[in-house]
């Protein structure tokens, strides 16, 4: 029940502010809305039991990314748009595809088809032991996904080096 | 004491020809035609001996299994299994490949290196189809088989439009296998839904909880794929072209082994995995089989090209095999497996004869041939025996298969359609003798025609023909030797339970 | 002692097979083999056959039955056995087979001495002995079918023996196919019988043993209605009918006369064609239950006798006359079997076999196809055979009297039989009057031995068969002989003009087959071939593929690229410098990608739900 | 029904966020807004991963790890994108995507 109490408002925040972020004419507003969306999704992660993810999400998407974007906005001195979004066929096309998929989903729900069988997905453990999850994640990083982790570190290093080199 | 059965390994059986084929292609291998031919022949004979070992150490209930994880989360394995059916058809494969390799001596004139490498690769793919334990392993080999088949038909073909025929073959088979792939995936998925675990092993499928209509849909989709290979009448037109335009050894393999993969797959999937659906389809399929038998026999009578006559006759015989499978009882199934073997040998023999005539006379029009019997008495003797076997004369192998098959269809419990079909299929004995005797009469009898060959059969051809005749006689006079092996097949019990 | 013969007769039947395989292997591997050795090993087989068959006959008459059985095919409850089971009838028939074979092999060694394919000829003779033996000793219907097909095969091979001659090879194909029709009907009968027994009897295996036939026929009769039973019997009788060259199928015997003369004597008059009578006798328990079948057999037999005798009168070719006569006499035998007088049929079968063989041999002795002779001449032994065949003297007379006694209750049959006897005398004596007789020289010594042995057997048989008296048949035959003299001397065959021609052509039945049935078959085949060519040349798949490719190209060109080209136009208009670069609008591409994915996604989901809902789905 | 939060709720949320991001990518003019939209899409995917990580027994928290990788990759990608944007901006003096035709 507490899960539901947290989930529904957060989901509402995410949906509303993401749409506002896309539709707003001022770029700074959309940035602020985006910060809200990212923070809310951090809450969603927390609800899902992934505390570590939530913390990372809040620090990176909630702080680092907006700072970067804000700096970019400041540097480039972007003017506000006259219209929020473009006109033309593109808009209708994307609208059509979204409507199509949503209609299909609604149809499926309406005729009562389970896309996946009921028993396939259920919560892993009702009493989530947070330390165990953390253990599992660290285990994952340092055993199964060690190679990926190392590669990723290298990639980060390369990016940092490249960007700082070119920024001179 | 050393246990010989330890040396029998299915991956070795399947992949050994491929390894030899790769050795032939490697750059350090001498580029001498004769060396390549002898090496390839040796490999194929070695493979024959190795497969015969499986038969020698065959024991009742003997099943050899090999399995390796492939895609773990989907339950797909890379596995081989050999039961009695696979044993019989594998030996048929190695025997016919041996014949084909020996016959290649005079028929293949260029590109020896790649020809023999592809031949060996072809053997691997077909053995893979026959011994696959998992549906995706089966599908892998089913598709891989097209590669060597295409090049063998297209690049070493005898006809002027061999490449076109090869393209037609690929097109038909590929479109068939698209349907088949959808069927296989549906089969896999609904098995997962029904049993709750991902498992691709053919003999572990369990579709009890799946509705009958859905099973019929899967069965029909699979049948379209297998029907192209078999072939069933409306989708058979690739076969005469491909068989006519391919070189003789390749025609032998196509008719002797490749068509049998269709029959094998129908037994494996439609009968073993989906018996409930097949029970409903079978009477309709039996009518198609009847059309196959009679229609193509009539077409064969009107042909003038000797290779086309043989090609149509093999469609007719494949219809008989289909009829036996459709009867869904022990007798019919035994008959059709027996006929798979018998017809494989017979049709290979017929193509050997066609090839010899083509090589000596450079003429394939039956109206221009004639009088071969006077010039080539030994070939005439062999041709008589093989043709008589093909029209189902007692004491030769063809008769046993036909009689058991038709009896099985007659004894079928499915519906009265089957009984009627069986009785209507009997005239095939008359019709087949019409076109086959036309072949014998116009090709061999009569005064000397335009073709006047100087030499009788060569030694290696003699060897192949005598082996074929001896196999036909042994199967025809002592059919129990083969039937006893087929009897132990446990698909049959499952199929009859329905 | 006779048990020894009986138990070891299997070797005598297998011996010719081994000789056949030996000759075949020798020819294949090009091993030289002297003709004398070949002839002597063949003759050895036949002479031992005579001794063993005689011993077996004595044993079976004394009442010892012997049966050896092997499993040939066993699949679940489908059991086919082969083996040996000899009763008196088969023993008698075996004796007949081996005696005739022996003398004809002797005859052939002289007759065929100029033939280059001498080896092949003797190999076929041995194969014939084996397959006929297999047929005769069969314990069940299935083995009979095996032998049935094999003798048909030997007949085909020997008719087409001179395959260089196209006419003869066509004749051989016709012989084989007509025989094949009968065989197929026979096989259909066997399978139907097996099926009926599976369904209605409690026995686990159905082997169709002749010893069980009383049971089988009662079960089959009890569980089928009249029409089905009649059809079943007819299917089985069909085999006998074709093999014995009865009415609609008698034409193959005419074609079979293309074989060398010793073969006409051995296969096409004495032994193989009589196998139909043998089968009918064996299946009599089945046929007796249905009155209609018996009536059918009698009527068919009598009709064939009449019809073929009529045809025989007008023939000029001696072998044709003899072939028609064979059909006619086999018709008489079948009628006797149908009438229930089995003994008479068997006796007449033996007597007729010897007489016919003697007639053929004495004709062939002079008119050897390897000697270049213009004029047909006959030997003195021919007239002795003619007397016997027509029923004027010797064993033929006895048999005709017995026939008369049998048919005497039925007026219609009696009249018909008298007519047949009359015509028989007419055609055989017409030959005697028409062709001159010749003297024999010393080259014919070996052939003479065979001919006179047969004739002596016929003459000797006169004293062992009851009923030697000068009754009505004798006078009918006598009248026939007189008529033949009158016809030949007076009018030289122009007696009835067109009627003669019709008779001569065998009422155009053969021509009907070759002009209509064969050509209709050919036309059907051509028609079907046209359909086939249409299907395969139409290249439907190619067309569909080509059409799909074309359509896809068009869609690509005119629909999907429309916005792109529109953009091109717009940007060209806007800025000429960037005209090439502006074609790539990634956002538009993303939009279209999303649309396509959306369509596919929707389609997959809808198909899935359709499958689940309409086809039953899970559970 | 509403009180019980199943995996479908999370999936639906992630789907809506993803579609919003997609729309944003397609219809926006401003480069920075496009980048924000891309981040929305990535966040949707992350929610998806995490939800599966929790609800699928046999995956054993692999989803969490994937999500972490994704977040990090998103940050890196953003940094590079911004760098490129800055470079382009210095050249063109505009932030409208329509003017960046000749990359």
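By letter and in written order, the chains are A, B, C and D; residue numbering begins at 1 in each of them.
Note that in this section a residue touches a chain if its C-beta (ideal position, glycine included) is under 8 Å from a C-beta of that chain, and two chains touch if they have at least 3 such contacts.
Please read these numbers as outputs of a predicted model, since none were measured by experiment.
When the C-beta pairs in contact are tallied for A-C and for C-D, the bigger tally goes to A-C.
Chain centres here are Cα averages; for subunit A and subunit C they lie 86 Å apart.
Subunit B has its Cα centroid 57 Å from the Cα centroid of subunit A. Subunit C and subunit D, compared by their mean Cα positions, are separated by 84 Å.
In subunit C, the residues touching two or more other chains are 587, 591, 594. The residues of subunit B that reach two or more other chains are 193, listed in rising order.
Of all residues in subunit D, those touching 2 or more other chains are 22, 26-27, listed in ascending order.
Interchain contacts (touch definition given at top) occur between A-C, A-D, B-C, C-D.
Remark: subunit D residues 22, 25-27, 97, 101-102 touch subunit C in the complex. Here subunit C touches subunit B in the complex through residues 24, 27-28, 71-76, 78, 145-146, 149-150, 153, 157, 160, 163-166, 169-170, 172-173, 176-177, 180-181, 183-184, 187-188, 191-192, 194-195, 198, 521-522, 524-526, 528-529, 532, 535-536, 539, 541-542, 545, 611, 614-619, going by the rule given at the top. Interface residues of subunit A facing subunit D in the complex, by the touch rule stated above, are 1, 3-4, 7-8, 11, 14-15, 18-19, 21-22, 27, 30-31, 34, 37-38, 41, 44-45, 47-50, 52-53, 56-57, 60-61, 64-65, 68-69, 72-73, 75-76, 78, 81, 83, 85-86, 90-91, 93-95, 98, 101, 121-124, 133, 136-137, 140-141, 144-145, 148, 152, 155-156, 159, 163, 166-167.
Only residues 89-90, 93-94, 96-98, 100-101, 103-105, 107-108, 111, 113, 115 of subunit A touch subunit C when the two sit together in their complex.
Within the complex formed with subunit A, the residues of subunit C that make contact are 563, 587-588, 591-592, 594-595, 597-599, 601-602, 605-606, 608-609, 612-613.
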